[in-house]
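Sharing a structure with you now.
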């Protein structure tokens, strides 16, 4: 049988899957649409809950790929699936004995929630912007000032009927806590507020980090969803929420409003489903065969999943799925 | 007694009964009209309104010109039945008068062939005309039967489901003309007094049947014919066929500028009973089209209100988008009637409900132009920002009524029926407008616009939607646009288009900014986005489906950007669209020419 | 009591040689109770108890009403101890729950902050020239009855048994908040499962009603009662308890706090007059006793000697169940035969008609 | 009756043993999605009336769902039905219907 395995997407799940497959004797080829491997993690600064630099996860993976001599096609955007592989933009077919879809998720476009003013007001940012600023080493308001008051808003694009997202993006709660702490470390005198509907701390060390955010970093957590934002005369952002635990409307002016954007299913999912005979779940992510024994299988022969293509996951879970899918693919190919 | 036979009794009894009931209804309704309506009538009678009404009666009640516009076949069906029957009566009356002399009793006209004294072997021109007319009516009946089976062929996807009294009247009506044909044909077999149709059939019958049998069948048929007429006349005032006569006074009253209003009144009866339940209002309804809700449309609302069994479900479940109202061949004020039904049901005095508004003033700035964003616009800040830029570019000093949140305009409350309570809010807002000395009030919300114009009576203050205001600035040269090559498609908000008649202004503005393509349904036929505040029944999923269907149509235009002019519509489209969606003010603000260039 | 967790909270109660510290309001509301206590401890049990005419109010009500500062009340307490020291006693027998709370709070403060104790000693000496030894044992009077409950039970003339049915009488016990809610270790049974009164009821043949609002305050709350406008809140607390206990059909309520006994009794009248609601059998009130009265009845004392005519809710139904022989005509006559007047008939006493 | 100069305070506790849940159930039958409310407070924060008065829509409909109806009708009267709350609700609740139905269930409609 063909030992070549087509891996769509060179994020953490795809790289991990390629490394594990190579170890098992397969010949993986990674198709990455960007110019470098790394996926969404390339734009990330540090990882929750340990504040591990993203590079510490990315570099060993990249080095491993290079050392193992795994074939990597960058700038290769997959249009759809073919019989036994993938079709690149431009029409080229890359085929093998199996295909692993590791195409990940899309970040919710915060502009859709117009009332929060992203892209309209200068000082409204997303968590992605904040990571970029951390990477650039300079966080400042649009006017170039030091933020004295920062508000984070949880669940932007998650659990919101109005944007067609019933699902919880799972990792945003802890991201909000992590970034709040990083902001506080950067601006010790700043007041930081997190506006939330529920705080869901599902992972090891997450709840502990939440507790530290409250206790050690004096991050304020207000149970209420911001309903609207507007720009003040000095370019700051006035936000309105209800402090639901008090039962009264609350308004405040902040120097930065950070929207904690959620994950949505990848924009290519529908094309993959159409061309590969796969199923897109109601939440827009790919539907694995089942949630337990078949969570890296698609239900179609020779097509497998790993990482956030099937649901919101954190880095650790995505990496584990890379290993898990390699085992499944290896047994499928009889390696 | 001359020209009498006992078979005419059902007909005569039915006729007397029908006219008595109709007379009673009309007299009562007119008597109960509010005095201002009575004054309007007495003022209008001796003006040109009366001849215009007469012409309208002919063109609508008899010829059904508006239905022709919906579908020619449907129009012909209605016209053949109404006008054909009318001519049958008129020509029949002339013929009877000529043959029998003036002063003959009513039934002698109607059953003239039966009482016809002379034999016209060969050529009675009247008989030929009457047969032609009968043929015309019969063709209408056949089409009506056909419509029951295949409504689509007549331009209607769905037809009305009728109540029992309608079915009785309808059945009787279907029988009237075939029975007339049969009775006159048998009579012609005896008397040879028929035209080409009845006479021809009569000859056929005479040739193949025993004369005694013919005589027996003949007398039974005349009885049946009279009975069918009588049944129809008895059922008629209680059925949808009441519209036949009610539409006539309605046309006159409307010409005399009598209208329905916020509160129910006697005039509403003329409108309600002028509904023929033709069902033309069903197909345009998006609740029907997109959600499959088929029992709340205007025809059912009017029917239930007429029979006093209006349920909340029917009354509340309407977008009041007005798509049916523009299509109604009778021109019934459907939204007004629905509103005043809601008013009658829920309105309470609530004199102190909104006292908290007194003394609050969240406005800022000052100028002759006031800007009222509207509650919903506060959730589409792009619009707000764009208006700020436009005002600044035009050098306009602006009084900002509600930039930091303020009172509602009152229309949502009014739409739910709470007119009295809404009035309190309106009074408060009016005081605000007056206190700040504005002469122009610009709003970005078509919902606010409509209520400002129609209910506020803002003396000395011109109310404009921002599309109108922006166009005016462009025409005056106070701002100018950089034209681009973007292809826009424009969605007409219900309250702005059908509600306030503003169709051209946004199109002119977009024409200056780029290229405009129209969706399949536009202007007065434009779709509703589904978010209408008038509907409190449908849930979010249902709103979404209506919005999705309408957005699909906009995206199918091939435009690069969807433009609208209502914050609610914008929100609804954004939820479904893959294309960029913008309020028209945003397009203008983005394309503003910087002064001096 | 099926719950045995009370045993985790035991306290030492002196067996003899008590210095009696009276309660201000009990002397007025239920004068027979304190008299009965002295008689039971002194005569029935043959213990040494000294009722010192020189001791004073502890000023606890003033303290809890923010009128008397803490420094002042500690000095008053110090004077009581000085009187006790001078009389040669070491075991305080406190009649009042408020006082009991004040004494325990003061001693605990001195224990934690010896400098405060030194300051108080100095103040007392400067003001009165007196010095004191801290008591070896501070017990509430109900602790002492609890301590001797078996001996009282052995001398019982009447057991807490319904003589018509032979069933144990159902008693609601109500513990004053300051008995154990301040320092759980100072109360028998602690704060969650207090046993001081329950132990008496069970020792004397009755059964204890364990109802959901058992731990709830009677509502006295000092400032809540003392300000007329706040009394609606005060009575609402008692009402909450009555509504919770009523389904258990209690035969009587016994309290160890002067205020609680007073309010549980009088508020039944108030609620009946305002709302027309009563909580006892036949539409009457539930009789409310002090623990001394309960002990006195068990020992066969005359109910009118015990002062039971001073109660708002008539106790006769309870006396009948106990089989107490009493003279209805003597209810409102004092020992010399003088008529002391009787209350107006009230719904709480007439029952459902 | 003697004049006490005070009345008995009503308990503040929500008593689910005794509260009449029938109106609450009727409301939830008519607007079932109200059950999905996660009390984010978006409605109350954006509320036109709530920014001018103490009207708290989230609290009011929660009270109704708990069978607490005292003063809810009067509070609901402050609502202007403008519908902003419906636009911001992440659960897609037909909040205007909730207002109308609460008043219909509790009041003089």
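Letters are used for the chains, namely A, B, C and D, taken in the order the chains are written, and counting of residues starts over at 1 for each.
Rule of thumb we're sticking to: a contact is a pair of C-beta atoms (placed from the backbone, for glycine too) under 8 Å apart; a residue touches a chain by one contact, two chains touch by 3 or more.
What you see is a predicted model; the values in this text were computed from it and never measured.
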Pair exhibiting more inter-chain C-beta contacts, A-D or A-B: A-D
Furthest chain, CA centroid comparison against chain D: C
Distance between the centres, which are taken as Cα means, of chain D and chain B, whole angstrom: 38
Chain A and chain C: spacing of chain centres that average the CA atoms, whole Å: 67
Rounded Å distance, chain A centre to chain B centre (Cα mean): 53
Numbers and ranges of chain A residues touching at least 2 other chains: 115, 161-162, 228
Junction residues of chain B - those touching two or more other chains: 378-379, 540, 571
Interface hub residues of chain D, defined as touching at least two other chains: 46, 51, 87-88, 92
Inter-chain touch pairs (all): A-B, A-D, B-D, C-D
Chain B contact footprint on chain A (complex, rising order): 112, 114-115, 117, 120-121, 161-164, 228-231
Residues of chain C that touch chain D when the two form their complex: 228-233, 235-236, 239-240, 270-271, 273-275
In the complex, chain D residues that touch chain A: 38-47, 50-51, 54, 56, 58-59, 87-92
Touching residues (chain side chain D, partner chain B) in the complex: 33, 46, 48-49, 51-53, 77-78, 80-84, 87-88, 92-94, 96-97, 100, 104, 108-109
Chain A residues touching chain D - in the complex, by the definition given at the top: 115, 155, 159-162, 197-198, 223-228, 240-244, 247-250
